[in-house]
Structures are given as structure tokens and as C-alpha cells.
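Letters A, B, C and D name the chains as they come in the text, with residue numbers starting at 1 for each one.
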Amino acid sequence: MKGNEAAAEGAIVGGCRYFFGYPITPQNEIPEYMAWHMPEVGGVYLQAESEVAAINMVFGAASTGARVMTSSSGPGISLMQEALSYIIGARVPCLIVNVCRGGPGLGNIGTSQSDYWLATRGAGHGDGRCITFAPATVQEQYDLCRESFEVAERYRHPVMVLSEAALGQMMEPVVVQPRGAAPAFDKPWAIGGRREGRERRVINSLYAQPPDLEQQNRELAELYEQVTREQKRWVEMGDDDPEVLIVAYGIPARCSETAMQQVGEKGIRTRLVRPISLFPFPFEPIRRWATVAPHTLVVEASIGQMVDDVRMAVGDQSQVHLLPILGGRITTPEEIAAEVQKVLGR
Amino acid sequence: MKGNEAAAEGAIVGGCRYFFGYPITPQNEIPEYMAWHMPEVGGVYLQAESEVAAINMVFGAASTGARVMTSSSGPGISLMQEALSYIIGARVPCLIVNVCRGGPGLGNIGTSQSDYWLATRGAGHGDGRCITFAPATVQEQYDLCRESFEVAERYRHPVMVLSEAALGQMMEPVVVQPRGAAPAFDKPWAIGGRREGRERRVINSLYAQPPDLEQQNRELAELYEQVTREQKRWVEMGDDDPEVLIVAYGIPARCSETAMQQVGEKGIRTRLVRPISLFPFPFEPIRRWATVAPHTLVVEASIGQMVDDVRMAVGDQSQVHLLPILGGRITTPEEIAAEVQKVLGR
Amino acid sequence: MKGNEAAAEGAIVGGCRYFFGYPITPQNEIPEYMAWHMPEVGGVYLQAESEVAAINMVFGAASTGARVMTSSSGPGISLMQEALSYIIGARVPCLIVNVCRGGPGLGNIGTSQSDYWLATRGAGHGDGRCITFAPATVQEQYDLCRESFEVAERYRHPVMVLSEAALGQMMEPVVVQPRGAAPAFDKPWAIGGRREGRERRVINSLYAQPPDLEQQNRELAELYEQVTREQKRWVEMGDDDPEVLIVAYGIPARCSETAMQQVGEKGIRTRLVRPISLFPFPFEPIRRWATVAPHTLVVEASIGQMVDDVRMAVGDQSQVHLLPILGGRITTPEEIAAEVQKVLGR
Amino acid sequence: MKGNEAAAEGAIVGGCRYFFGYPITPQNEIPEYMAWHMPEVGGVYLQAESEVAAINMVFGAASTGARVMTSSSGPGISLMQEALSYIIGARVPCLIVNVCRGGPGLGNIGTSQSDYWLATRGAGHGDGRCITFAPATVQEQYDLCRESFEVAERYRHPVMVLSEAALGQMMEPVVVQPRGAAPAFDKPWAIGGRREGRERRVINSLYAQPPDLEQQNRELAELYEQVTREQKRWVEMGDDDPEVLIVAYGIPARCSETAMQQVGEKGIRTRLVRPISLFPFPFEPIRRWATVAPHTLVVEASIGQMVDDVRMAVGDQSQVHLLPILGGRITTPEEIAAEVQKVLGR
């Protein structure tokens, strides 16, 4: 399966029954797949007038308790920031898939990780941030999209799957699961029209009185603490006494694995921590290995965004280096291996 | 002058001749002031169809070399994220004033600092970030808006003045400067229609070929390094041997000053670092005092955003605490003084 | 049933399975009804971002062969003019219900017939005009909405039901029919995604080459001639040797019936022709009675729009008078009776 | 001068100082000209986000008493219908130039007159209709655009100049007039901000109470009667005892002149009435000649729109024939001459 198709099929298997979106390369296989397959499960696919319209439709439909998603790439995700903040403020679960392309601006349609901040920090104005998962394989893209609705509903909060152009276009085998029935809509918070004998429900992000908003902000802060306790996901591998700790996610992490073998043959000991959850960020394993490795190398396809989280994790325990992959291109193991050697001065 | 009026008048004195915007509380005095006073200087005030339209008009007008601004608050700033990324990618100077209100979502119109990330990290998709200045007084609001065009043009990059609802509504005396003529349009990069014998100029954020985008990204990274060297601004005050380092900006910093006096009377030694530039962030003075003070207290009107930058600055030198001011309310010196004592356990 | 509900239920019974709209008084009971009842028949109700978005969704959905409708009132119908012209040019059947309110501009939400031209002449730019039916009772509103899809599909052309605010709000008994299954989508012209072994279908209103557009225009002209032959609908009643021919439709026609009784009691002979189809307009019966009656009185709730069609029908056979009902108010039989007497000078 | 340039320059000479528009072929030379020349007269040129935005900016700017215009072609004019109705309802003078292209829908960019109804009947919902002038030469295009502001202000009503693609692209010599100063803004009805001691002015199209709207409708009806008395414009030429009366405007009228010479050489007597004002329509001269000529031939570049007005004028006095020019192509004198002979059966 192509990565974008895996995202779409994973979401359907995960119970997604409403898709609203607007075309943008390099994620167009997702709406295309949804347009074909949503009717098979009794779902609705709708191409909206714009990304602004699409995300507001997500807001509305998801408010009924249905499993709803949209997908886009950088510019489209930017246009969704206002409504995304509303969705967070109104505590409505949904899935947003961002197949990241090169930026800023129109940039290009090459592969990139330059929306890390947009996902983990800039989920619109106010204090919201997306629960963000970043797959490194097509299988993982399938699985994370499938599981995201459970996570989103558990916390009544949007989940973003932050993918990359190369991952969306890549074909890999995927172990799929059968499509089942979507879960019932009637969440205890969901709106669904007048019901006799039921108290009135409202989905809203307006808290005009400061004490009400303070309460809401406090609950959100506590929610993020709970998310941080429960949803940290990462993979690690390599030597137990590393000279260099490599931190990378997605495609750069895959290239890093090969690079580790290459430098390993030269006697260089490395360890890789690959975050899968970007928010919450796996500070602890990075901190742990940073106390061992005198050097920490962050490899990311941006001018340096995740490196901030790594710096916070590492503190003064290890020297942090950054290998930025720019311009929408794919990195190579050789490039990473060379950087590891450069960091060590050998 | 009211803070919002000071922002508008400061911008006019700074050469602003085009204002495009859309109404949102608590910043409506800015467009109102512009509607009245722009004609006095031969400028154009235009209320657009939406924030999306307004920021795109800013993009277009500023591409001619004119000094152009918009202003809004949280939700409107979110809607501007896509075009803001285009403006950064196209390297067009302009001024955006964000009079921050409570969020996320509609939140309320109380005072807040919860758009710190949106300003410093989430300037749309891709690797852009706004050069961000945060005033703490009406005079500073006037001065920063006045100076921002020089900064923006120096780096061909947008500048955001991140203000707060309370600061926009507050009245304080302001030393004003005379309005002069706006500088000429004919910047060497500006577009302005066909000119005989001049090479063609294009303002664009599209770099379809990876090497071109890589070059553009690299230049942006270098620009940010230059900005970091040249534009860090902060104020510091207090004891030279602090037990607690307080980091705060804007209104919370002003409250912190009074709190420092209060705890000083009880023999507690504190020092305040008040960042004026949020990006670039004044890591060095914070680091310097963190090596002295065993405790660092961040006071900010959000659930914790600047605290990330402080953690990066402090590393393992001092224990970082956060006092979040939530709900759109104003903090008090007493609240901060109590937190200082709590941090010290006395 | 309320008139607006009758329109909605009639459309559902007529096979409508997709409703796209945007709220505007005095037709909001239609989308409200659709929101509740569309799910019962497996249909989709969607509130769009604007009327522009709604009618474009109608265009898209109806291109698949499904039965699709929208409803609005004056200002919203104006916003739909561009896409309506596209729909006509692309020959896509659909139903638009216009519950006419007072105009021009915002006007008021009173009852009116002032969109007669907009319906019969101004269906956007180019040479399109809507097939337009105007009900006078709630039952007729139900029946016309029910039958419109058959008419629309017969000619591959949009149908407008031009109702009035008063008719939308009025309650009258309605003989209803059972809801059946909606007809299959697979019209020979409908698009529906790739099918093996089927020629490619395109729905489009672009004819870049003049001969192609000329051919298209000619077919449209022939279609309108066919529609004119086959779809003229009217009701007539009254004396066979009238002194005054009354032409009125909708609510004013109902008031005219009572007025005819009133003046009949005074020995005045009148005949009423009530057009049900506004385009095609029933010229012949009006012409026929105009050769008998020396006076023709047009009663319409506008400053005079249908009167043009009546003038064309009447020619020099009878003197045409106009009683315009203005301001969004309902006329009375007394007002019409007085006008009849005034016309006759007695 | 090209016809489109003549329209733009004529408007500037006529005092136009604000242009808001959105690009569409075949009228793009108008905004292009305005973008270059508006700054020369201290005016503002602004390309809006859409035609909907452009016409609303026209509404706003013209409400201050300034002379404001927009231009577009069919699809764009359709999008302007809602706001146009508001402008009529609010009694705001302005100029709309429609350079008509082939329709319906996207149609093509060939020349056409198929927006006759849209201009004269379908000026949005409600009872509005544009005062509409149709030039036949580039000089007339210049003059009508120049004079339109006087007409618009005289009646506080929008004026439409209905041009044709061919006329917009055609080059002809034009006698130009010097640009003078634009007239002062301070019309007695215009809004312009708070003024000490002046009663509050409101520009609005909302008349919530039926008596208020009735009054407004009645004034509009009276205004149209006044316009009909004062603004009828036409040119006529040819034989005083015609066998065939030709009614045509714009380019088809010019072709008709040559056709009249051609059939004249064969001894056929014809007379041409060329309406310049389409609303108000010159019924009287047509009626007058129809009582002489047994045949009336309408030549228009549409499937038949003006023919309705001609039918109303002619009544039963003459047999009305239609030569429709379809597909966006230009007619030829030969085609018209042949039709004249066909009508006469010789």
C-alpha cells in the first residue's frame, strides 16, 4: 500500500465515517481513497470549498460523536489553525493528517518535517497543542491512523498524525485488519438534536467569564499532564554505551538506522531514540541516554524544531548537535554517518 | 494614550501607510484609529472581507516596498497563518500586531499571553517564525510599533508585536514623535510594475526544485542566526545574588517588579529578566543568572509556553518553576510574591 | 403542514436525497426539516459555509445523477446566480426553492413576489433561465416540489419553485404520499467515477470554441421551446365574458378569487388566469381572454415584473393595469376589488 | 484606444477615484489600466479576493460619496448580484461595467449580449434593476463611462455600462477630455464619519417594518418612472417608410447599418432603432416605426432577450422576428441582410 492509502484505510478501519477536505499535493491520495471507499462503509466524503470550510465541517460533524477526519499539507494545515483552536477549546475529538511538504510558503512538494512546531506548539491561538504522532513506516501510518480515534475520544481532543511527503508516496506491505462497524455516536458529551428528558448539551469554545475560562484552562493543563503520562511513545535501539545519541523521527530515523550500522563498522557506538509521539515528547529516554553519550545528534528535516525539545530533555548532560535536512529532499545514511563522525571529530 | 492607540500612532510615525484588517475585540481601537488617521498622512485604511483577505492584502501591498501592517487577536492571527508563511517564504517585511486574548477557541476577551508559541514557533507551516517583540508599557508599545518597520526591512521579514488585551486597553502617558514622510517605496527587491531597463523582479514563496528551496531554507536559517545576534532585547533588574530568578514579560513582568519589592522587604533576593524580544529569545542573561539562583520562576499568562525557552536557557543550572496565569485575568503582585515564597519553602 | 415543511417533505417524496443550504429567514423550516428527516431516508443534509458554497455543492452532487436541492430567499438566491448559470450551462437537473421575501437588499422578511425576474430572466449571466413553478397553496407547494425532479431530469435543467414568505409560514392540510426509494443514480449523462469499458463523461459549462458554444446555445434555445410546449401550467376561473381579466399568481391570486366574488356581487364580470408555471409563461390563455376583456389587471407583490410577460401576451388587445403590492405585506381582497372597480371607473 | 482602456479612462475623467475588481477575461485591460493610472489622480486601485468582495468594497466606498466603479464579465457580474441589490436598496450611486462574454456558465470569452436580462431585470433579488447603457463604439464607451457618475448621482442609483467582448478589444480613435479634479465627497446623503452638529446618517437596505419598506419600494418605483422619462437614449436612421424595422444595439447594430445599405441597394426599405439606454428602454420610437413597418427584426447576440422589450413596444402593430447571434461569435452584415430578405420573403 501507498502511505497515503494506508492512512485512509487505517482511519476507516478505526471507525472514521466522515471525511472533509480540500486537495493539496502530496496528500491527494487520501481524499481520493476516501471518495471511493467511504460509500462502501456508509460514510460521507465531501470536498469543501476550502481548508477553512473543511475543518469547520470536521468540527461540526465530530461534535455529534462521529469519527471524523481531514487531511492536508502545510498551507492547508495553516488555514485550519483557527478552527483547530476552537476544536481544542470545545474538547472535540477528531483526526487531522498532515502530510508535510517543504516550506515556508508554497515551498515545494518535496518531503519535510518542517511542521513540527505547527503540530506540537502552534495548534492555533490560545494554549492548545495537538496530540501528535509521527509514523516512520507505512504500517505505522496505517496503525496510528487506526488507533487515533480511540486516543482522541479518550481525551476528547484532536489528534494529528504528522506524516511526510515521502512516507505518503512510499509503497510498503501492510498487515491490514477487517473493517468493522463504526462505534455508536452517542457519547455522553455529543450533541445530536433534541432528546426527550435529556439535559441540554452544548459544544462551545466560548468562556466569557474569566473564572470559567480559568477552570477550562486548568482542565486542559491537567489533560495535557495526563496525556503526557499515558501517551508517550518511542522506539530505541543501538549500543548501551553510546558515544553519540541520535534523536530522529520518521524518515530521517530510518536513514539513521542504516547510518548507525555504517559507523558501527568503524567502531563508533551510537544509540537511536525515535519519538513516535511528538507531543507528548519522550523526554525521559532521551535524558537517560544523554547522561551516557557526550554528544547528541538531532537529525530532522527542518531548520531545527524538534531540537528544542531535545535541548530541554538533555539540559547540560550532553552536547546537542543538529543536522538539518532542507529543501524538501530525502537525507541519506551516508550524510548522517558523516555527521556522526564530524561530531566526534574522527 | 490607550495602548491600542499608541500601537497605531507608533506605526504611523514609523512610516506605515497601509492598514488592512478585520475587527476583533480587544484590538478594535487600532483599526478605528487607522480609519481616522491614515487619510491624514495620505495612507490607505481598508477593512477586508476576513482576516484571510486582510493578511493577503498586506502581502501584496508590502511587496511594493510600502510599510504595511495588520492587527488582530488570537483567532484572527490563526487565520493569517497560511499567508504569514507565504510572506516569510517570500521575504516581505511587514508588521503584525497581536493583542492577545484568552484562548483556546473563542475563549474570552480577557488579557492573555497564550499566543507565545503562535508568534515564536507557529508562524504558519514550514520553518518560519516571527521576529517577535513584547511590550510591557504603552510607551514601549508605541516605540516597538514605530521601530518595527526598520527591523522588518533590515531583515526582509515580518515582525510581530505581541501585546496583551490589558495593555491595549490601558492608558498611560506617551512621549510621541512627529509624523514624518514615509520612506520611499523603491527598495531594491520591491515590485512596482514594469520599468524600462530594469531586470524583472518576482516576489514568490514557491521553490519547486529542492536545491532552490534548500538554498532558501539555508538563507533563512542564516537570517535567523543574524537576527539572534542582533535583535535580542531584554531588561533586567534586582539583586546581584538572587535566590530566585524571575523570568516574565509584558504585564506579568510589571506585576513581578512589585512582587520583588514585597518579598525583598522579607529579605528574599530576586532578580528579574524581562524579555522584550521573544524571538530571538535572550537565552544568555537567563543562563547567566540561572547559574547563580537555585530557583527560576517563570510567570506567564498561559499554561506554560515561554517556560520552554527558559528551560532551554537554564539547562540543569537551576530548578525551573512555572506560575501560570489562566482565564484571561490579570495577575497580582501578591500572587507572584506568594509563589516566590512557596518556591523557596518559606 | 407548514408551507416550508411541505416543500421539504415534497422534495423527499420526490426522491431528494441531498440538501445543501445556508440559513436565511423566512425559509429556515426547510433546512431544519431536512436536517431531521434526511437521515431517515439515508440522505445527506449539509449546512455549507455560504450560499455560494451550497449551490456549488448542489452542482457537484447533482452531477452524479442524484436528486439534490437547495433552498434560500432573495439575498441567498442572488449569491447563487453564478453557479446557477454554470448548472444551466452544464445541463444538470436540480431543485432550488426560493421563499421570496421583501427587497431589494436586506429589505424585510415579509412576503413578496419580487424575485420573479431573478427566477424567470436572471438565472445568472448568459442565456439561462430557470424553469419556474409558483405554488398558491401548501398542497401545491408540496406537489410542485415533489414533481420538480421529474421535470428537471426530463430536461436536464434546474427547476425553481418560487414561493412566498406567507406561503412558507402558512399551515394547511396536505394529502401526502408515501416516501419511496430514490431513483437510481445512473443517468446516461451522470458522472460517477471510472467505470471499466465506459466512455469518459464530463460535466462542464466551458465551450471555448465558438461553434461548440453556438451548438450548445442552439440546443438550449430548442430546449426552451420544448419546455414551452410541454410545461405551461395555469388555472383559470370566472366569467366567460369578463370585463376585467385578472392575472395573478401565488397568494395574490388567492386574494383575487375572493375579490372576484365581491365584485361579482356588484355585477362586475371578471376572469382570473393564475399562472403556475412562470417560465414557461402561459401566454395563450391570457391572450385569449384579453381579446374579450377590455381591461387586464395584473396583481403582483412587486413593483411590476410579471406585468411585462402579460403585456407581451396581451399586445394591443386589452388595456393593462398593474396593482403592485409593496413592502412585504399581504394584500386583501378588498384592495383588489377596489382596484377592479377603479379600472372600470365604477 | 482599445475599448476597455476607453472605459477606464472615461471613468477617470468622469471623476472615478476608486476601483475594486477581480480579474476575468475579456475585461482585464480595465483593471490593468486602473492599476497604472489611478495613482496618477490620487485614486485607489485594489484587487479584491473575489467579485463578492469587490462589489462590497464598491458599496462601502461609494457610500462615502466618492465615485467608485468595478468591472467584470458575466460570471463575475452574477457573483455581484446580492450586493448589487443591497446597493440599489441603499440608494448608493456607482458604476459597474460588464464586458459581456459568451454564456451560460463558463461559456467562452467570445463576444455576446447575453447579459441583457441580468442588467435590465436581474439586478439581484427584490425590485431593483440597473440603469443600463450599451455603447456601440469605443468613443461611446468612453463617453458613457464618463457620464455615468453624473447619472448615478442624479438618481442615487447604480449604473451599468453593458459592453461586449468585441467592443472591449476593438481599437478606435477617441476624442478625449482632460482629467479634472474629482467632485467633492460631501453629498448630503453620504456617510463620512462623525461630524459635530450634523445629524446621524445611515446607509442601509434594511427596512424591517412593512410600511417603511413599502415607502421605499414606492420611491423606487417613482424613481424608475423619473429615470424612464429622463434617460431614454437611442439613435435611429434609415428610410422613413420602412418595410422592416430593425432593432439592435451595440455591435449587432453596427453590422445592421451596413446590412441596411446592402439591402437598400436591392430596393428594400429599412429603418434602424438602436437603443443606447436598455433600461429605460426606448419603447416609443420603436412603437412609432412599428406602426409603419409590417415587420420588425430584432438582431441580438443572445438567444433572445431584448426581443421581449421590443415585443412589449410593438404590441400587435408589426410582426416581430428574431435573429439570434450565438456562440460568442461576431455577426456579419451579410447574415443580417439575408435575414431581412427572408423576413420579407424575397
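The working rule: contacts are C-beta pairs under 8 Å (C-beta built on N, C-alpha and C of every residue); 3 or more make two chains touch, one makes a residue touch a chain.
In this text, all values refer to a predicted model and were calculated from it rather than measured experimentally.
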**Message:** Report the inter-centroid distance (CA atoms only) between subunit B and subunit D in whole Å.
**Reply:** 51
**Inter-chain centre distance, subunit A versus subunit B - centres from mean C-alpha coordinates, in Å** = 27
**Message:** What's the distance between the Cα centroids of subunit A and subunit D, rounded to whole Å?
**Reply:** 56
**Multi-partner residues of subunit C (at least 2 other chains)** = 52
**Request:** Could you draw the chains as nodes, link the ones that touch, and say if you get a line, ring, star, complete or other?
**Result:** ring
**Asked** Hey, which chains are touching each other here?
**Response** A-B, A-C, B-D, C-D
**Prompt:** Taking the complex as given, what residues does subunit C use to touch subunit A?
**Reply:** 36, 44, 46-50, 52-53, 56-57, 60, 193
**Message:** Could you list, by residue number, the parts of subunit C that touch subunit D in their complex?
**Reply:** 52, 73-79, 81-82, 84-90, 100, 102-110, 112, 114-115, 117-118, 121-129, 204-218, 220-221, 224, 302-305, 308, 311-312, 315-317, 324, 326-329
